Amino acid sequence: MNTVATGLLAPLLLLPLAGAVLNGAVGRFLPKSLSAAIGILSIGAAFVVALLATLQLHGLPGAEAYGAAALTQDLAEWINVGPLVASWALHFDAVTAIMSLVITGVGLLIHLYSAGYMHDDEGLAKYFAYLNLFVAAMLSLVLADNLVLLFLGWEGVGLVSWLLIGFWYKDAEKVDAANKAFIANRVGDLALMLGVFLLFGLAGTVHIGGLRDWASHMSPEQLTAAGTLLTASTLLLFIGCTGKSAQIPLYVWLPDAMAGPTPVSALIHAATMVTAGIYLMVRLNFLFILTPFTLSVVAVIGLLTALMAGAIGLVQNDIKKVLAYSTISQLGFMFLAAGVAAPAAAMFHLVTHAFFKALLFLGSGSVIHALSGEQDIRRMGGLGQVLPSTSKTFLIGCLAIAGFPLTAGFFSKDEILWGVLNNQQVLGSPGLSAVLFPLALFAAFLTALYMFRLYFTVFAGEQRLTDEAKSHLHESPAIMTGPLWVLAILSLVAGFAGLPHFTGLHNHFHHFIAPVIAPTEALVRSVYGPESGAIWGCVGAGTAAGLSGMGLAFVLWGRGGETPARLAAAWPRLHALVLNKFYIDELYALTFGKALQVKSRVYDLFVDNLVIDTVAVGGAGWLSTFSGQLIGRLQNGNLQRYITIAFIGLAFVLFLIARGGVTP
Amino acid sequence: MNVEQVLFYLFAVGAIAGCSGVVLSRNPINSAVSLVAAFFFLAGNYVLLHANFMAIVQILVYAGAIMVLFLFVLMLLNQRDEELGPRTFSIAPLLGIFAAAVVSVTIGAGFMSYRNATANFPGEVPLSFGTAEQIGRSLMTTHLLPFELVSLLLLVGIVSAVVVAKRRL
Amino acid sequence: MSLTLEHYLLLSAALFTIGAVGLVTRRNVIVLFMCVEIMLNAANLALIAFSRFHLMADGQMFAFCVMAVAAAEAGIGLAIMVNIFRHKKSLLVDDLNVFKN
Amino acid sequence: MPWLTLIVLSPLAGALLLAFVPSEHKEAHRMVGGFFALLSLLFFLPVAAGFDPSQAGMQFTSAAENVAWIPSLGARYHLGIDGLSLWLVGLTTVLGVVAAMAGVNSIQTASRTYYAGLLTLLTAVLGALCSLDLLLFALFWELMLLPLALLVGTWGDRQRVAAATKLFVVTLVCSMPMMAAIFYLWVKGGSTSFDLADIAATAQGLPVGVQQALFLAFCLAFFVKLPIPPLHTWLPEAHAQTSTAGSFVLGAIVFQAGTYGLIRFAIPLFPDAVYWAAPAIGILSAFAIVYGALIAVTQRDMKKMIAFSSVSHLGFITLGLFAINQVGMTGALVQSLAHSVTAGALFLLAGVLIDRYESRSVDDYGGLAAKMPVFAVLFVFLIMAYAGVPGLIGFVGEFLVLAGAAGSWAFSLTPGNVHFGSLPTGPDTTALVIAFVAGLRVVVGAIYLLGLTKRLMLGSVTGSRFSKTTDVTWAEAAPLIPLVFLSLWVGLQPGFFTSRMDASVKGLLSGLVENSTLAKETAANMAAQQETVANWNRDGRSPEAWPLQRKQAAANGGAAAEGHTAQPGAANQGGHP
């Protein structure tokens, strides 16, 4: 490991934290503009620090060597018990650099936007405190040099997400959504924790660098011996990822999480927190590559999620829910990439997705803001003229996510598709890829379809607004549209950071993160050799899928007409099934929710009260209760019975003495 | 049988009779009066044992002070006759009686076996034995600490009796 | 045959037993007190007999202390009795069970 | 200076002094109670400062604290402290002060009884934590019961006396076998000494069967104090019925003696029995954790909910202790601290509401966050600390215990021939299952704790009774402040605490292995297996290590495989030319 100690990482982590503490402690007494300024400036400063650190990292010699070049900073001891050592130690390599630039950069834009969006809310200081705290937690997640510290960030973002989803806590539904998110996340966290324990048991360390050394120095016998447990641990880690990154089976919390303020949805539930799972898979790619079974599971789950969420997104009517399902679907794409051993593609899509999905969420926020809180797209329409900036930027976002040629999404999505086509052998079952690729194309088609359905329904056609919404209709202020334009430009140009290799141009992005994903790359290259011919075909197929989705959307929704309704009427069952999200929520409520309640009641009433407390004899509570009752019977307060017992005891003792058995 | 023996048996029978009266009579006042009688007989036995001071104290404190207190309380509370025998059948008192009997027999047997029947009293008793003077000297010298503790105990007893009786429950 | 220690000890044991039997059979709390007094006196008798046997005053000291304890006990005990009677209108042990559900 | 004696006895001095303060002077009782509790804490400071972390054995064993106590029995007044007891003692002194502060708000009648009982209880707990003589320990152990029953039974709801009686009887009866065991060991050792070292020597020399019986006798006494199901039934009742301060004392202070008893007596005295019982206790603990958590889900009475949650939380202590490795045991000790701080804090938080509105049912509350913002912040913070959010105290204990349990070979059902799944150095399957089941609390705990938060604090304000609600007063918040501070300190810097435990825990573990045939065999077995692994490692890293490549190599035939796998390093050069 080529690491250089630096002093830049602590400020990067602590600046947002300081902002959070300041706003949390005294924000209530400050004017709103000042609390907003504290929040924005602390993130802005963190962004500058992240840039400086990235520059320093870029200048390091040997960044191409196998052991990734990185900046490190040890802050303090944290947990140090025998073999379990986890310090407050930060590690900044290429992947971290990208993640922290996204977190602080997009975070800064969203903070700016929030200052406009939330300016009327009485809890503004609290809001900025939470938002800063979130950035701090997310940074600790990506900066962690060991899995325990990573887990701290992992749980930390979950906690702040809970606070922010339930930000308007007076509404019981929003609180329920927040609790649901936290609990679903906790299921994932448990799996992650167990995965970490397993790794700790196998490798004897929780230090990521140490794990990397361990994984790369394993002998064949060791790998064979550890195979099952290693697969189990990577599977557990992946389950952890499905919780945080909203994949099947734990995705159910994300749509509900839209109860939070819209900028929060943009930052946490689109751009950063939900990508933590991808980050973890990339960060630990040296482990996942050793377990082909896990990789195929990841790929399949990712693709299934992408398809299912895309289908659900197609029929939702809440603008934010559509975007939420879109996020789930795009995350599925990223997992698909990670699953086919294309972590660079996953990472690239993560970045571009952060830009255009944040843009789309902020745009939807702008629409909601303009319509005084209206979120149902059936009561929108024709907003293109009224909200010029919003609609233009929204269109750019839609083009990017649909993979319109030369937008950011075009490059990143094609790289994923190429990975699916190319890396089929990594999955261990070549036949799988034959299924995966067409389905992935279909998912790309779905993406374009539902996104442009949203665009056309909201911004094109005739206005279907309520009177109340009409009366306040206005374009958002500059502090909100500014970030939109910045993100729009990024969505357009970010793709050029990762030009595909076959064009003969330099892929800066891939080159930059190559040291981190070297184990995977090494394997893939060693199996397949240099990239080969079918690339243009792949690009063509991907582009065609996107364009045809857009075209179909235009046909169905762009010109008005009754076609969608007729389609829905033609297959009522199917439509209801998709509209109701495949009844997964109900299924969970019925199985886990009810089962938990029933079990709890049964334990409480039957086991605890009846078996342990009442049916004492022979039951599990024999010792406590029966003996308690026995003694209780003796100690019934009857003085004379006590005396009798005392005499019996005395007689017994005297008898023993008289017998000469015991000498007093 | 010399006089001493006659007196011992007399006092012994009297004491046992008096105590039995306590246990057997239904009226608590009768019990109390029987107990006073038993105390007198016991005091007689003390005299036989050359514990003259203790005999006096027995009569003054026990028969005089304590039992008067008992009687006073009994009169004050106006206790009616108690029905003897168990209200509901219970094995416990029977067991208790049995145990008490065992205790008694064992204690007796134990004492009997103590020093194997060489337990004759020493014939010569010093004149000063059991007198107020000897007791007093002993109390002020060897047994000063117990004496002080007893006085403290009595003080606490007085105070708490006052407190308890004063407080309304 | 002259009087021996055993005579007194047997008398003491007999009195103790009578007191004990009273303690387990009687119901009136004041009578129970009297039975306790009987048992204390039985102990006193044994102590004084030993004192005579050893020709040492220590036994009488013990008896003296016992007597003081008995006096204190009677004082406080009867005060409590009076109070309980005021409260419960009864002095029978069956009625005084505070633990009973 | 005999610091330990000062720590142990200064509360008792306060209790005696209180006897002379007339019962009407509430303020004076609080001053005296608080002062003497604080005194004990102050005396702890030099001990903490002078503690030598590198030393495994007993420290602060001055000659003045090792004197004959009952010479005819050989019992001695012998005190000492080591890494196992250091923080338990320290935290108890802190919690004593907190409990004294809590009494200001919660105890309005008979305050003298409260403070005298509290101080006596502190002496008993601290004495038990410092005793190196088993008879002395037994004395302090039993001394705990009286003030405890008094504290639980004097204030609270109608059934409090019954609850206190149940507590008293159950704990007393369950501690009797331990007494018998102590005397048995004393007699076996020649009836000359109750000293821990002598008793340990006697106990470790006993046949395995006897060790097992005695071990169970000790465990019974300590498990009922913690408590572990099915010995827990006294706990929810007692918590529900008693006052806030009583709950705090019961929930935060008393159980520590149980933790300590296990780690100081039950485990080191009977090494063979410990390994024999560890799998069963591991399973029982995991069951306890899930069981308590599940019952807590449907409780409507918030104190009962916290009480059942405590049952769950305390299962981690036995789980960690009987993992019998350094991580687990240290985790159990930290968990003991964590539970004291967080559960105590929750009882105080619930108490603030119960004392104000006289209802324990969560259904009677709602939306308080809007009316009591500061209280809401404290509440959420401490709930999160309790739920085990990293960076706060609850996480450290839970994480270490689970890590220790997952990696424990003591939980293995075939300990003589440990295989650790398919890998010689990896975790055992039973241990993993136990860790998984215990880990379910992470989820279930979140369910009921967030549910509690929602029902009490969030949503809309229900009813008119809260219309005039004001935020927490200083008197209500003051006891929480040290707990918040401790939550952060231990959460962020657990190393400060665990580093002082390390040497003692290691000493305890090496003693166990030395004195247990089973452990010796297993250790030798493991060493042999690790030797094998080390030999594997000497082969160094080879590209064939990766199964995919081998598979590929097999599929493509020799030539292709050679071409592709020969130079993994070359492919590593940046990935793309």
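Things to note:
Order as written gives the chain letters A, B, C and D; numbering starts at 1 within each chain.
Convention: a contact is a pair of C-beta atoms (placed from the backbone, for glycine too) under 8 Å apart; a residue touches a chain by one contact, two chains touch by 3 or more.
Note that this is a predicted model, so its numbers are computed, not measured.
Among the remaining chains, B is positioned farthest from chain D, on the basis of C-alpha centroids.
The chain occupying the central position, as judged from C-alpha centroids, is D.
Centroid to centroid, with C-alpha atoms defining each point, chain C and chain D lie 50 Å apart. Work out the mean CA point of chain A and of chain B, and you get 86 Å between them. Chain centres here are Cα means. That of chain B falls 6 Å from that of chain C. Between chain A and chain D, the centres computed from C-alpha atoms are 33 Å apart. Multi-chain contact residues of chain B (touching two or more other chains): 92-93, 96, 100, 103, 107. For chain C, residues that reach two or more other chains under the stated contact definition are 20, 23-25, 99. Shared contact sites, meaning residues of chain D that touch two or more other chains, are absent. By the touch criterion given at the top, residues 64, 66, 76-84, 148, 151-152, 155-156, 159, 162-163, 166, 169-172, 175-176, 178-179, 182-183, 186-187, 189-190, 193-194, 196-198, 200-202, 204, 216-229, 289-290, 292, 344, 425-426, 428, 501, 507, 510-511, 514-515, 517-518, 521-523, 525-529, 596-597, 599-601, 603-604, 607-608, 612-613, 619-625, 627-628, 631-632, 635 of chain A touch chain D in their complex.
Chain contact summary for the complex, chain C toward chain B: residues 2-11, 13-28, 30-31, 33-35, 37-38, 41, 44-45, 48-49, 51-53, 55, 57-58, 60-61, 63-65, 67-76, 78-87, 91-92, 94. By the touch rule above, chain C contacts chain A in their complex via residues 20, 23-25, 32, 93, 96-100. On the chain B side of its complex with chain C, the touching residues are 2, 4-5, 8, 12, 15-16, 19-20, 22-23, 28, 31-32, 35, 38-39, 42, 45-46, 48-51, 53-54, 57-58, 61-62, 65-66, 69-70, 73-74, 76-77, 79, 82, 84, 87, 92-93, 96-97, 100-101, 103-105, 107-108, 111-112, 114, 117, 119-122, 125-126, 129-130, 134-135, 138-139, 143, 146, 150, 153-154, 156-158, 160-162, 164-165, 167, 169. Those residues of chain A that touch chain C in the complex are listed here as 635-640, 643-644, 647.
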